[in-house]
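Across the two complexes that follow, chain A remains constant while its partner is chain B and subsequently chain C.
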Partner chain A sequence: MMFFKLAYFDIKNSFNLEWKKLLVVPIGFLTVCFPFYLRYAKIGAGGFGDFWLYMFGGIKEYTYDDAFKFPVIWTVVLLYLFYITLYYPYNDLLGYGQNVLIRSGSRFNWWLSKCLWNAFAVVTFFTLGAALVALFCVFTGGPLSTEISPLMYTEVFEMAADIVYPSYTVGTLIGMPLLTAVAISQLQMLLSLWLRPIFSFGVTAAILILSAYYLKPFMVGNYAMPIRSVEVIPNGVSPQNGVIILSAIIIACIVIGGIAFKYYDIINKEN
Partner chain B sequence: MAKIICKDVVKDIKGHRVIDGISLEMDGGKIIGFRGINGSGKTMLMRLLSGLISITEGSITIDGKELGKDITFPPSLGILIENPAFLDSYTGFQNLKMLAAIKGEASDEKIAETIALVGLDPTDKKKYRKYSLGMKQRLGIAAAVMESPEIIILDEPSNALDSSGVDMLKVILQKEKERGALIVISCHDLAILKEMSDEIYVLESGKVAQYIKEEGQ
Partner chain C sequence: MKALLKTELHKALKNKYFFITLIIASVIAVLGAINRINEYQSVLELVNADKAAHGGVSWRNPYLPADTLFTYWIGGECFSLYFSLYFLLIPLFAAFPYGWSYFMERKNGYVKNVITRTSKKSYFLSKYTAVFIAGGLAVALPLLLNFLTVSCFVPARTPSVLYSAYTYVVFSQMWSALFYTHPFVYVGLYLLLNFAFGGLIACLCLAISFVIKNRVAVLVVPLFLMLCLNFANTYSRSWELSPINFLHPGVVVNPANGWIVLLEGACLFAVSFGVTMWRGQRDDVF
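Showing the complex of A and B:
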């Protein structure tokens, strides 16, 4: 019962404190969608799946024969999400949250509530993003399906033209980036127990950049790039393995954080 | 009535000893004052008593239960440590109501009564962000006492209060003491501390340097 009270408090309180950051989401998504529409509608791209892949597709595998291209949109969208979830737990713990924590009587419940809040914030971000993309499709007359236009791979992501690329399932296109974002966001929150939030944000950014550079199963950012799925390229990452690895990260963050927070000194790191 | 026993309490932070072997006993129905210069360990001791930080060595028992082992936090505790922290976009009443909802021990009437007791208007629609420093401090005191806890820990409660605020504080603390609460306060002003406290511990470099028992309190 106490846990649900804490979870309700966190969702309500964080929305009160962080709602301004959510205002940027529609602006950001539309800023990406609109130029994409102007540029690629002529090649038949413009459905929900195309827009979504443009934002969350990532970048094709880097090989030493090519120059490394930084996946700007993918990185900025995800980093903004991780920025949204960065400060609330830390600030709460040094302010009003101390009174909440003491009244709750349980450090583990407090941590668990923050984990739930964190996942809820990521899901909210993706839901808001999906709703905005869908709305954009409605206005531009694009289909509301997760089908990918064939030319997306070759024209937008500059992938080889001699391969037949698949249409995505919702799981690969939306589910894997969502699960990856939940895992990385939990990891970022866990690290903030020991590091200042800005440094844990730096670690998050490093994970994304290294993942863009190395296509390896343990570079978890790859699971958030649907065009690096094994369903698309033979040496891609397996969504099944991804689900196992990412779920393990999430569970480890909950357990390690719960144990660490039991002995954690609630004191301003700045002092 | 609550009883706190600190036995050889040591706290190290990043290799620096901030509390160095403090042993003392505090009983309910009393006001225990702590005094010391900045860095003497007052706030750290209050955080230790609150369960917000863990003990490096020694023990703190509250009514026979060891803090950090048998209990995570004192079960009936109100605190104001360092600066009051509330939600900017809520009124004073809304802030306290949200806190009270966690334990469900303070009714709306009790919250309103406590806000009035600290000299604020419970019907005031002003958001917390527009409060003056003194109003914020008063609300912090109200949050600490609204659920009639057995232990009340107040770190520099007279900060930002004018003379009428200090008088209000004295009245509230006296009332809570008569109810049987154990009140732990720190204050840099020895005159105020002496006026309010039954016992005073002077801290220096994390140790008790002096113990003063006020007669006739």
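Showing the complex of A and C:
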């Protein structure tokens, strides 16, 4: 019962403190969607799947034949999400959260509540994003489906034109980026226990760039790029393996964080 | 003013965050150097194998004017992970050493002690200078380290314009003539440019401290600003808009234009210096 009270408090408290950060989300999503619509509607792209893929598609595999360009939109969207989830647990631990921690009587419950809050924040971000994209589609007359216009691959992602690209499932298009974001966000929160938040944010940025550079199953950012899925390219990452790896990361973060937090020196943290 | 500046510089350049940032950035720069030195060694092996197979004479073009120090240091190559990571993280490297200082000094009350002993103008001028120098050094020193490391292993041949397809410095790139005639001057100018933008980005944190009341946000906002410019760049087909790309001496996406670089630098200076001096002198710290 105490755990649910804690989780409810965290969700409510974080919303009261951090709601301003969510205001940027509609502006950001629309800033990405509108130029995309102006530029690519003429090639038949303009459905929900096209917009979503434009933002979360990532970048095709880097093959060293040209300068490496990191996926800007994918990086900005995910980094902003990780920025939203970066500061609240740390700030709470140095402030009012200490009283809550003492009253709750369990450090593990406190940590678990923060993990739940973290996942909830990511899901909220994705839900808000999906709702905004859907709304944009309604206004522009685009179809609300995960169908991808064939020219998206060749025109936007500069992929080979001689391949028939399959349609995505909702799981690959939305589910995998969501799960990956939850896992990386949990990892970032765990790292913030030992590093300062700004350093763990730097590590998160590095994970994203490493993932964009290397197409490897253990570079977890690849699971957040639907165009690198095995459903699209033969050497892509498997969503099934991704679910296993990402779930393992989430569970490991909860357990390791819970144990570490049990022996964590909160008083010295303030200095 | 002189004593205050000395104190500020001492605080800026002898704090643990400056050293931590230098170490992290230097690790990336040195790893980048090792990566490219290994690459050069494998190129040399190919050239030597070709020579050995043909009685000491190269049959194939060894592309020597394209394989030089100026195309192998972190600012000359566009292929490794390290160049991408380094230039993406420049806004964080610049901000972290001392960009947060005014925010913390206002929060813990240090500012009150200073401005009762000196003028606000002197304090903010000194602060701006110290933040600028710390941010600039944190960005430029690891680049210099990378250049010096690579120069120990890769010869500094003057690049030939005939090999521009391999050097990633095209005709329309800012200062490209210098690259093919006086490459050391070109590298030196880019190091200065990185120093200047590193400093300006750090000073942007100082200006943001007047508006935002969250330390992490103060440090992260410049990164997002640079990424937004990078996003705007995806719609520019001719000139480079993003400092993340134009601070790299080679052409990553679009060639750099001197006027755009100057304009962005001037805007960064106007905003950071203007806000710092105006709000700094106007706002009450008590």
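Keep this in mind: the second predicted complex is superposed on the first by the 268 of 271 C-alpha atoms of A that agree within 3 Å, B and C clash if a C-alpha of one lies under 4 Å from a C-alpha of the other, contacts with A are read in each partner's own complex, and residues count from 1 in each chain.
Definition applied: a contact is a pair of C-beta atoms (placed from the backbone, for glycine too) under 8 Å apart; a residue touches a chain by one contact, two chains touch by 3 or more.
Worth saying up front: this structure is predicted, and the values here are computed from it rather than measured.
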Practice task
Could you say whether A:Y87 touches chain B, chain C, both of them, or neither, answering first, second, both or neither?
Solution key: second
Exercise for the section: Quick one: classify A:Y213 as touching chain B (first), chain C (second), both or neither. Expected result: second
Practice task
Would you sort A:F9 into first (chain B), second (chain C), both or neither based on which partner it touches?
Solution key: first
Practice task
Would you check which partner chain A:G44 touches, where first means chain B only, second means chain C only, and both and neither mean what they say?
Solution key: neither
Practice task
Could you tell me if A:G95 is touching chain B, chain C, both of them or neither one (first, second, both, neither)?
Solution key: first
Exercise for the section: Would you sort A:P166 into first (chain B), second (chain C), both or neither based on which partner it touches? Expected result: neither
Exercise for the section: Return first, second, both or neither, reflecting whether A:P143 touches chain B, chain C, both chains, or no partner chain. Expected result: neither
Practice task
Go through the superposed model and pick first if A:V76 touches only chain B, second if only chain C, both, or neither.
Solution key: second
Handout entry: Residues of chain A at both interfaces, chain B in one complex, chain C in the other
Key = none
Practice task
Going by the contact rule at the top, pick out the chain A residues touching chain C in the complex.
Solution key: 31-32, 35, 39, 64, 66-70, 72-73, 75-76, 79-80, 83, 86-87, 197-198, 201-202, 205-206, 209-210, 213-214
Practice task
Give every residue of chain B touching chain A within the complex, in rising order.
Solution key: 13, 47, 50-54, 71-73, 75, 77, 79, 81, 85-87, 89-90, 95, 98-99, 101-103, 143
Practice task
Please give the residue numbers of chain A that touch chain B in the complex, ascending.
Solution key: 2, 5-6, 9, 13, 16-17, 94-96, 98-107, 262-267
Problem - chain A-touching residues of chain C, taken from the complex the two chains share - result: 24, 78-81, 83-85, 88-89, 92, 96, 168, 214, 216-217, 219-220, 223-224, 227-228, 230-231, 233-235, 250-253
